[in-house]
Amino acid sequence: MSGNSFGKLFSVTTFGESHGPAIGCVIDGCPPGMLLSEADIQSDLDRRKPGTSRHVTQRQEADRVQILSGVYEGVTTGTPIALLIQNEDQRSKDYGNIADTFRPGHADYTYWHKYGVRDPRGGGRSSARLTAPVVGAGAVAKKWLRERYGIGFAGCMRQLGEIEIPFGGWEHVPNNPFFAATDDAALLARMEAYMDDLRRAGDSIGARIDVVATGVPVGFGQPIYDKLDADIAYAMMGINAVKGVEIGAGFNAVVQKGSEHGDELTPEGFVGNQAGGVLGGISTGQDITVSLAIKPTSSIRVPRRSIDKTGAPAMVETFGRHDPCVGIRATPIAEAMLALVLIDHALMHRAQCGDVHVDTPRI
Amino acid sequence: MSGNSFGKLFSVTTFGESHGPAIGCVIDGCPPGMLLSEADIQSDLDRRKPGTSRHVTQRQEADRVQILSGVYEGVTTGTPIALLIQNEDQRSKDYGNIADTFRPGHADYTYWHKYGVRDPRGGGRSSARLTAPVVGAGAVAKKWLRERYGIGFAGCMRQLGEIEIPFGGWEHVPNNPFFAATDDAALLARMEAYMDDLRRAGDSIGARIDVVATGVPVGFGQPIYDKLDADIAYAMMGINAVKGVEIGAGFNAVVQKGSEHGDELTPEGFVGNQAGGVLGGISTGQDITVSLAIKPTSSIRVPRRSIDKTGAPAMVETFGRHDPCVGIRATPIAEAMLALVLIDHALMHRAQCGDVHVDTPRI
Amino acid sequence: MSGNSFGKLFSVTTFGESHGPAIGCVIDGCPPGMLLSEADIQSDLDRRKPGTSRHVTQRQEADRVQILSGVYEGVTTGTPIALLIQNEDQRSKDYGNIADTFRPGHADYTYWHKYGVRDPRGGGRSSARLTAPVVGAGAVAKKWLRERYGIGFAGCMRQLGEIEIPFGGWEHVPNNPFFAATDDAALLARMEAYMDDLRRAGDSIGARIDVVATGVPVGFGQPIYDKLDADIAYAMMGINAVKGVEIGAGFNAVVQKGSEHGDELTPEGFVGNQAGGVLGGISTGQDITVSLAIKPTSSIRVPRRSIDKTGAPAMVETFGRHDPCVGIRATPIAEAMLALVLIDHALMHRAQCGDVHVDTPRI
Amino acid sequence: MSGNSFGKLFSVTTFGESHGPAIGCVIDGCPPGMLLSEADIQSDLDRRKPGTSRHVTQRQEADRVQILSGVYEGVTTGTPIALLIQNEDQRSKDYGNIADTFRPGHADYTYWHKYGVRDPRGGGRSSARLTAPVVGAGAVAKKWLRERYGIGFAGCMRQLGEIEIPFGGWEHVPNNPFFAATDDAALLARMEAYMDDLRRAGDSIGARIDVVATGVPVGFGQPIYDKLDADIAYAMMGINAVKGVEIGAGFNAVVQKGSEHGDELTPEGFVGNQAGGVLGGISTGQDITVSLAIKPTSSIRVPRRSIDKTGAPAMVETFGRHDPCVGIRATPIAEAMLALVLIDHALMHRAQCGDVHVDTPRI
């Protein structure tokens, strides 16, 4: 219940630091009776892992997940599922020069002031590496939601710096290193060149990511505070480097009239999805649509002004191995977070209202 | 811990419906020893209350708050503070025609499907009226944060539909009916005319709101999940009608380079505030800056297609008394929510790290 | 989530002090669709209320409950149910003499040291009067558990000071002022005389209470920490004046052999109930049996040594109106707390394992 | 927040099963800046571990703890501390005969009915082996409480079956295999013989354990629900095999008069400690005194009647390696649980009331 747990009923508590011996999480509240193996989890971890193209960090981590508990003879028992991932490719010496200074835009400064002590190796706890256990937990959540309700997840990059990426179909996402939903070769080449230039310049760039859940039953969510959309915003803004979250129309709603924004209903269902699948904090049965703004990586080679622990001026250049665009690997993470929100609300709904009868249309 | 509580250590649990006998909340965890009277709370309630101009709902509610507990001889005792506000101007007959249909863009549909029962009078629990107790609780939080840390709050409207409102100074906010930080008479007249047109057309419009906390010490927040920015996003997206949340640079971060986004540090402090006062989930000591997208009110007179409970087509026109722009009254609500997030993190920080020594510079 | 809430999924947050304007609670998480009126709640409140015999406090309180929210047209809506009870018979002047001293055995001392401020009128927040809202919330829980699962609750006094009270049948409990399950006129007369003597002496006495839940399905509870029995112990020890809790064999288990304690199973069910209906933290389907030790009231007229706020010696005699045996009115409170534990576990079980099929024997 | 976490601010989430690859826990909320090594934790684990005398289970486990995270250069960082303990001596074949039947008095029956699936190897999650991570987490809590407040912990066995063990001094506890606070050689010999007889008979026995915390400041606890004593009762009843909990006078309070039970105050402090260090749910500054009833082990060789999964009659004899008196190893576990309760309340108190000034007497 202290800060490092996510979810009330399907609770994920993570642990570990970028350069410690291992990272992992404990999933408490997974329903019993589901088939679960390490292979079920590994595929999502492989989508997130580093070193898969030249456009992401070159740290080499197999990110092999081990299930330590909660599964007996291949079936979940209802008791906590612990996932463990060894850290294999720590290169802590890269961080010697930043142990006493603060990277602009990085958590170095705030951790040091909050705790009075800080693990500087690879960013310690603030490293995006800590999203690996979350992706593992998300894979468990996704499996249950798919098998129980037919819920699916997808995500893609929609913008890389100033390059907008038109949506061309989910099937293209696995076929390029950017999670882009396009097969436009010219566009993809432009993105590759853009990233190559950035890398040479030692700089980094922001991105926009969309993530969607399909097949969500109507009725998940709570009226006030623990609204489905509020919990989604919490989950998404909690991902490393996220600075903005939209649901449905998002900031476009500012210029919309009520007669334009409110999705009309017909006997065949909703007309349009400005709501992004949530009304009054509760799912409508439509797709849940979310958009994220991801800031550029703060660990860059470009020299920047900063101070050291004594408050004296210092220049900071970060070497180490970093993603020049953390947005690239953010797609599977955002999917995992969305799955964790939905399973928590699915279980909460079941607690309060009993099993949803998914086979019976409720309109 | 069920959905209707906000905050872990300064927990606010609200109750009530738009047309029930009363609304209110219980604040659990307010530190003892603070002077507190109803007058301390009333001023923020008065900023939020309906009927203060022709541009908001004409429902007449005094919104007089009564403290039922937790204060003895004018001082908080550390035990729960219950706030009660009577509902006085219910006009439930206005809702007869929507009891069996669903307003497009409204929670009618989802509540009915989730619970199988629904209080249609004034939107029941989903009414923006339920933000009144939150504003009351927020006033208590603001007072403690101001007295303990010198933290201040401010908010203003930045955009009304397509009309952008340049920031001209906080002092203007109380002097116009829109919470606009401007004294540009032509602009304000344009906004008045815009709202008058909308009202005549029976339509509604979206808005963008900024809210800021000043004087926040460095160190509030948690590394993962219960990040300060994640909790702010949760709080803001949980306000009725919000569809998007930005912190600091927000969606602008998408097109920023790392060398542009990361706020440099000098011995005099940060240069710029792209971070919006949060790095790695923890406050930097700078202003916390938040921006919200608020959708247009879904209760409009313009006829819209919908269905009834049997699934048959129906046209819906909403009469009753509604805000044509819910964004107008959202400013004090957003301030209150931000205060609730900050007090919770202030107490959590005190639990984990002891009292912050606000008089000692920590750089 | 701060200390004054009970339950994770059926959460009850209470507020109020003995001599404030009102006391009450907010119930968050009550399932929708249950018929509920104030009369459903009043009957249990009447069992607990003061002034019903000469053996309890003579404070006159009607303890009329008002439902402020969460019920529409007589049916629970799934949104928070607020219960309000006015305080009517405060006589705060009785407490003038204890505002600056500490009653031995009372919370006066600890509240003052914890908070640095204390409402001395009637014990403020520490008064047993605060069990009234709990009994109200318990009545709601009992109704749902009875209608959904056929679960019933009963309780009785088993010992009054040194007077042991043999169990003679639940039907006798409402027929005497002690909640004694007996119609033994001589024994009851002895108890009356015993209490009369105590009252004249200005002293008080302890008691032992048994409470039982029947019809509980197998499977409620969690393996570790949030065990059903652990939560029952928490609930019972949290009742004012409770100093000991037993489940099933309780302290008798100390002298039992394994071959004696472990309840054997036959195709017809368990043989015996040493377990008290809980094994491994999870309900067995047998009766849940609980026993409580309740200390004597600390507000007595007998003069006692104490100190005042300056630390100087002082003698304390408490006048006011007090129960000479708080154990007498504890029975409906203990039933209510047991009901609150069970409904929380019922909902948690439903979240994790789906609806229990109560019509299908699971052996 | 699902059932397998303990504590709100110093939260311990455990995982693992008796015969899985490893067991462990994640401690979230440990304050930063404390020196911590594996050796600090190992000593308490060694007090609890199996195989240290012929009177406990002969399973051979080194119970070596590994710190996976949360400590950097020997200092806690304020981020989650993961503890891992490998299981080394699983002998799962011993459990073949109980996979399809239910041991009387054991969780076999309830787990199977709750989850529909069960890990029968060594009791799976219900094994007392799962108290090892708790003892590890408790050691961390003890260290912080000792260094910050000077709080100490001690425990001893007070009764083994019908053999009462007079308290002769804490210094004797480590010198015998029973955690008995005595050096009475005749008594200890009698206990040894008693256990030898039991073991030969294949039976088991109950026990009573006392546990004490010293040096606790006044003011830890909450008025209602999350009372210090309520949380202690929850913690203690949650330990495997506990059936009863007393604080201070416990069940003796039933026969006490108010003039006898209420601890008088003098300028030198309290006279007596019937309260057991808690009044009104808040610590008094006296020793916290707790007593536990522990049932006999349910895994015994004595043949007992039971049923199998089909509901048919079956006789059960349990072979495997079991403690004939689980009470023997319960002392360090009870100390650990008490420490976990106290650190949580210490942090909660600090959140609400600021740092306790332990160097300033507050009377």
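Should a chain be cited, it is by its letter among A, B, C and D, assigned in written order, with residues numbered from 1 in that chain.
The rule we apply is simple: a residue touches a chain if its C-beta (ideal position, glycine included) is under 8 Å from a C-beta of that chain, and two chains touch if they have at least 3 such contacts.
None of the values given here were measured: they were computed from a predicted structure.
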item: Chain at maximum distance from subunit D, centres defined as averaged CA atoms; value: B
item: Shared interface numbering between subunit B and subunit A [over half = same, under half = different]; value: same
item: Computed distance of Cα centres, subunit C from subunit B, in Å; value: 38
item: Subunit A-subunit B separation of Cα centroids, rounded to whole Å; value: 26
item: Centre-of-Cα separation between subunit C and subunit A, whole angstrom; value: 45
item: Interface hub residues of subunit A, defined as touching at least two other chains; value: 1-5, 8-9, 14, 29, 32, 78-79, 114-116, 125, 223, 348, 352-353
item: Contact footprint of subunit C on subunit B as seen in their complex; value: 1-5, 7-11, 13-17, 20-24, 26, 28-29, 32-33, 66, 68-70, 72, 75-82, 114-119, 124-125
item: Complex interface listing, subunit A residues touching subunit C; value: 1, 8-9, 29, 31-32, 78-79, 223, 347-348, 350-355
item: Touching residues on subunit C, where the partner in the complex is subunit D; value: 1-6, 8, 14, 102-111, 113-116, 125-126, 130, 159, 161-162, 198, 203-208, 218-219, 221-227, 229-238, 242-267, 271, 274-276, 278-285, 293-300, 302, 304-307, 311-313, 348-349, 352-353, 362-363
